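Mind having a look at this structure? Questions to follow.
By letter and in written order, the chains are A, B, C, D, E and F; residue numbering begins at 1 in each of them.
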Amino acid sequence: TQEKADRHPKTGIVRGLAWTSVGGETLQIEVNKMPGKGDIDLTGQMGDVMKESAIIAMSYVRSISQEYGVDQKAFKECDFHIHIPEGAVPKDGPSAGITMATAIFSAVTGEKVRGDLAMTGEVTLRGRVLPIGGLKEKLLAAKMAGVTEVLVPFENKKDVEEISEEIREGLTITFVKSMKEVLEHALVNQGRK
Amino acid sequence: TQEKADRHPKTGIVRGLAWTSVGGETLQIEVNKMPGKGDIDLTGQMGDVMKESAIIAMSYVRSISQEYGVDQKAFKECDFHIHIPEGAVPKDGPSAGITMATAIFSAVTGEKVRGDLAMTGEVTLRGRVLPIGGLKEKLLAAKMAGVTEVLVPFENKKDVEEISEEIREGLTITFVKSMKEVLEHALVNQGRK
Amino acid sequence: TQEKADRHPKTGIVRGLAWTSVGGETLQIEVNKMPGKGDIDLTGQMGDVMKESAIIAMSYVRSISQEYGVDQKAFKECDFHIHIPEGAVPKDGPSAGITMATAIFSAVTGEKVRGDLAMTGEVTLRGRVLPIGGLKEKLLAAKMAGVTEVLVPFENKKDVEEISEEIREGLTITFVKSMKEVLEHALVNQGRK
Amino acid sequence: TQEKADRHPKTGIVRGLAWTSVGGETLQIEVNKMPGKGDIDLTGQMGDVMKESAIIAMSYVRSISQEYGVDQKAFKECDFHIHIPEGAVPKDGPSAGITMATAIFSAVTGEKVRGDLAMTGEVTLRGRVLPIGGLKEKLLAAKMAGVTEVLVPFENKKDVEEISEEIREGLTITFVKSMKEVLEHALVNQGRK
Amino acid sequence: TQEKADRHPKTGIVRGLAWTSVGGETLQIEVNKMPGKGDIDLTGQMGDVMKESAIIAMSYVRSISQEYGVDQKAFKECDFHIHIPEGAVPKDGPSAGITMATAIFSAVTGEKVRGDLAMTGEVTLRGRVLPIGGLKEKLLAAKMAGVTEVLVPFENKKDVEEISEEIREGLTITFVKSMKEVLEHALVNQGRK
Amino acid sequence: TQEKADRHPKTGIVRGLAWTSVGGETLQIEVNKMPGKGDIDLTGQMGDVMKESAIIAMSYVRSISQEYGVDQKAFKECDFHIHIPEGAVPKDGPSAGITMATAIFSAVTGEKVRGDLAMTGEVTLRGRVLPIGGLKEKLLAAKMAGVTEVLVPFENKKDVEEISEEIREGLTITFVKSMKEVLEHALVNQGRK
């Protein structure tokens, strides 16, 4: 089935977690890299804060890409498109930051991202991971989507401890402080260079 | 008559289905490819969500075009114009996504699209086909326009099953999960490379 | 007198018909082609729908221009300016579409347009002519301006039949389905290549 | 005194006539041509209709400039700035059209414009002169500013005939149908090539 | 002290006078010229009229710069930034025009501007100096800031004559009709070429 | 712990102080310099005044960079991104000016900035440091974040003197009049060339 296929490692697709008025939801963030001239398209009815998150994620990936052997011309000679389905649903907030950064990194490097993993967290320009809200609902949504591991900001540790065992069971919750840790967990080859 | 001519296979024209307050309607999406510098014009009083759909459809086609032998210079050295008549009627929503992607693909490759076919469905950047609303009204409109086959998102299967036999009879309804399947059905030469 | 001069064939000027709250009116659409870099200026307090009509008309002319022997560099190395006097009167709607397309075609090719002719109709990107409203008032305005022939969308045939003989007498009404037919009637040399 | 100096022929400065809630006023339209890349700056708190008038005036001058021996590179390699003092007073409407066209023509060609002349009239892209309002107040303002001749649209002839002899005496009123006539009267060397 | 230093001649800094709801104030207009591509940055929460003043001032300086031996490439190969502290206070109106023109001229030519001088006046594109308001409050502010000479538009002469001797004493008030006169008074070397 | 790490000298990161409705806060301003074409990205939900501050800070650094041996091509061939976490919190005002200028200077030159230091102050285009508000709350926030020295505008000296000894103790408060002084204190190598 398609659901199973979704859990195969892929390039440029990463599963994020959103918190809406009707509960948590998983979002598959999609990134395409195409021959172009350095333009960035953002679609999926993103609000201002989420658009800034995408720009921050892009800059972060550019700033570390040399370290991972990426030809810097890619950022001048390619266009990038970041999309979050479903296209008619407005989305906002900074909590998709690390998911977008991981999806961009994967599109840029060609590295595959684990399909059994979801993540949530704000990213800063220097790759720090900042805490987010709505954790209980997000973990529930991850579980319902068949995810087995979730990356959560280290500064949300105390929030996780307040969530009942019942919800957490069956989920590996990994706390992360930086994008480097996120990439180590999310990439199939563990971000090894 | 013109109506019959409309059902001949054409390049850059694909029949979509819209759902308005006064019922379903067919929309002929038109795409022109012209010598230019990579600009994209969107006309037909498209709303924000529909404009994003067009951008997503364009990026999707770019991302698969190499696979179909399209010279990548086309996207830098051509302008594309996507128009949905009638020009004074505001239109919005993501459900023209697969229709726009098919029309763009046809304009880019020169492949003809079947004139006896209509389609509806949201497209994602990676070519997944997502479910849409207003199916009953759209199928009625397709039938009244003399369409014989309609492509419908796989995830709308249960909605189709709830529609009366009377409406569905005379229409072949084909469920699709991905743009590749859409192209296989819509192109006269079945998307064979 | 100036009025008579206005009926001499000209390049880049075509008479359209508008329908306002105080009745019908004729509008002389003016197009200038100048050495430039492919920019398009639209003036005359055009509303959104009318601006889109101008863009559609431009794309249509580009798409057929090769067929008429037009050097494609013209669209990169010229600027086009489309103006509808009077400059302080807001105008909108799609019904100037075929008039704008004809004026652009004339400016691009240098072909003269008949001065004793007026026209009204929406144009699509592929050159289909779609029906418009306010026909009775428009025909009256055409007659008062001394026009002898009016091009009207084929799909408005039944509307014309409902207009009294008295209004129609003295006017040749020609029904058109496509821009090719419009050009055949409007150009002094009948669009012959 | 400065007032006398203002009546010396100048390049790129032309006296227009405005009609405000507190009566008529003269406006000295200033145009600078500078080495640049084809940009146009419009200042003086111009409203939308007046900005369009400036763009129309510019296009008109471009379209006739070759005929007057102007090197066409000027429009690509120069910037133009059109300003109407006083900078804090909002201005709008199409009636400065022929004044702006004359000032631009003068800046482009270096031809001097008569300082004892004022003018008012809408200009179209093809150089037709269309009628304007507020004539009585404008003529009074021209007289008070020491102007001796005023160019007025031909279609305003009947309006002028309704204005009392007392106001008109001492003013030569010249009716114009086209920009070519405007230039013939306004340029010191009568627009002779 | 800093206050004394502020009165030393400087390049690209000129003292203007503003009139606010709480009285007059001095504003030090700062201009930086940097290697670039002809961009102009305007900061200091300037309103629309003030931004236009800055653009007018820039065009005026460009138009006279050749006369002062300035290499015209400067305007293509440099960026200019015009700032008026304090950054959080909204400012508007045309009366900083001659101050901005002087500061730009100084930045462009490297000529020093007198530090014991303040000025106020609208500038036109051709360098005329137009009258402004709030003179009494501005002169008081200039005096309190230790300024010894103030440049005032000639057309404000009658307003100055109505201001009490007490306020004017200790201030040299110089009336100016044109930017050339402003530069002669403001530049340390008197604008001599 | 991370907190200790944050106090190590870093490049392109400087600690500012903000004053919000719920008290003072420290903000780590992050600047990335990347190969590019001179674009500047500003993220962190900055308001208009704060965005202008960033542009002023950038221009100031450009204007002094030659003096510090910076290759001027950097400003044409690099993009700069200035971000202030947390991404969802709106921020405004000019008081982050000197912090942004210091972070940009550090990113441009590669010089490390002291991690035990915080600062607050408006910057002008010429590098003057202007006074700001909310000092008491900002100093408290600095102390709670483990900062040992705070740079404060000289013109705020009297405000500091009114703050109780208890709040100030343990903090070295250094008054600064110019960006040069700021850089001398903030850079690990004291801004020595």
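Going forward, contacts are C-beta pairs under 8 Å (C-beta built on N, C-alpha and C of every residue); 3 or more make two chains touch, one makes a residue touch a chain.
Fair warning: this is a prediction, and the values are worked out from it, not measured in the lab.
Q: Starting at subunit D, how many touch steps does it take at minimum to reach subunit F?
A: Counted as steps through touching chains, the separation is 2.
Q: Sort the other chains by how far their Cα centres are from that of subunit D and give me the top one.
A: Most remote chain from subunit D, centroid-wise, comes out as A.
Q: Mind checking the rotation angle between the two copies, subunit E and subunit F? C-alpha superposition, nearest 5 degrees is fine.
A: 60
Q: Report the inter-centroid distance (CA atoms only) between subunit D and subunit E in whole Å.
A: Distance between chain centres: 30 Å.
Q: Approximately how many whole Å separate the CA-defined centres of subunit C and subunit E?
A: Going by mean C-alpha positions, subunit C sits 52 Å from subunit E.
Q: Distance-wise, how many Å sit between the C-alpha centres of subunit B and subunit E, to the nearest whole number?
A: Centres of subunit B and subunit E (C-alpha means) sit 60 Å apart.
Q: Two or more other chains touching the same residue: where does that happen in subunit F?
A: none
Q: If each protein chain is taken as a node and each touching pair as an edge, is the resulting graph a line, ring, star, complete or other?
A: Looks like a ring, each chain touching just two neighbours.
Q: Can I get the ring sequence of chains, opening with subunit B and turning toward subunit C?
A: Sequence of chains in the ring starting at subunit B, next subunit C: B, C, D, E, F, A.
Q: Which positions of subunit D touch subunit C when the two form their complex?
A: Residues 38, 48-49, 52-53, 55-56, 59-60, 62-63, 72, 75-76, 93-94, 97, 122, 124-126, 128, 130, 177.
Q: Show which residues of subunit C lie in contact with subunit D when the two form their complex.
A: 2, 12-13, 28, 30-32, 34-37, 41, 43-45, 81, 83, 85-88
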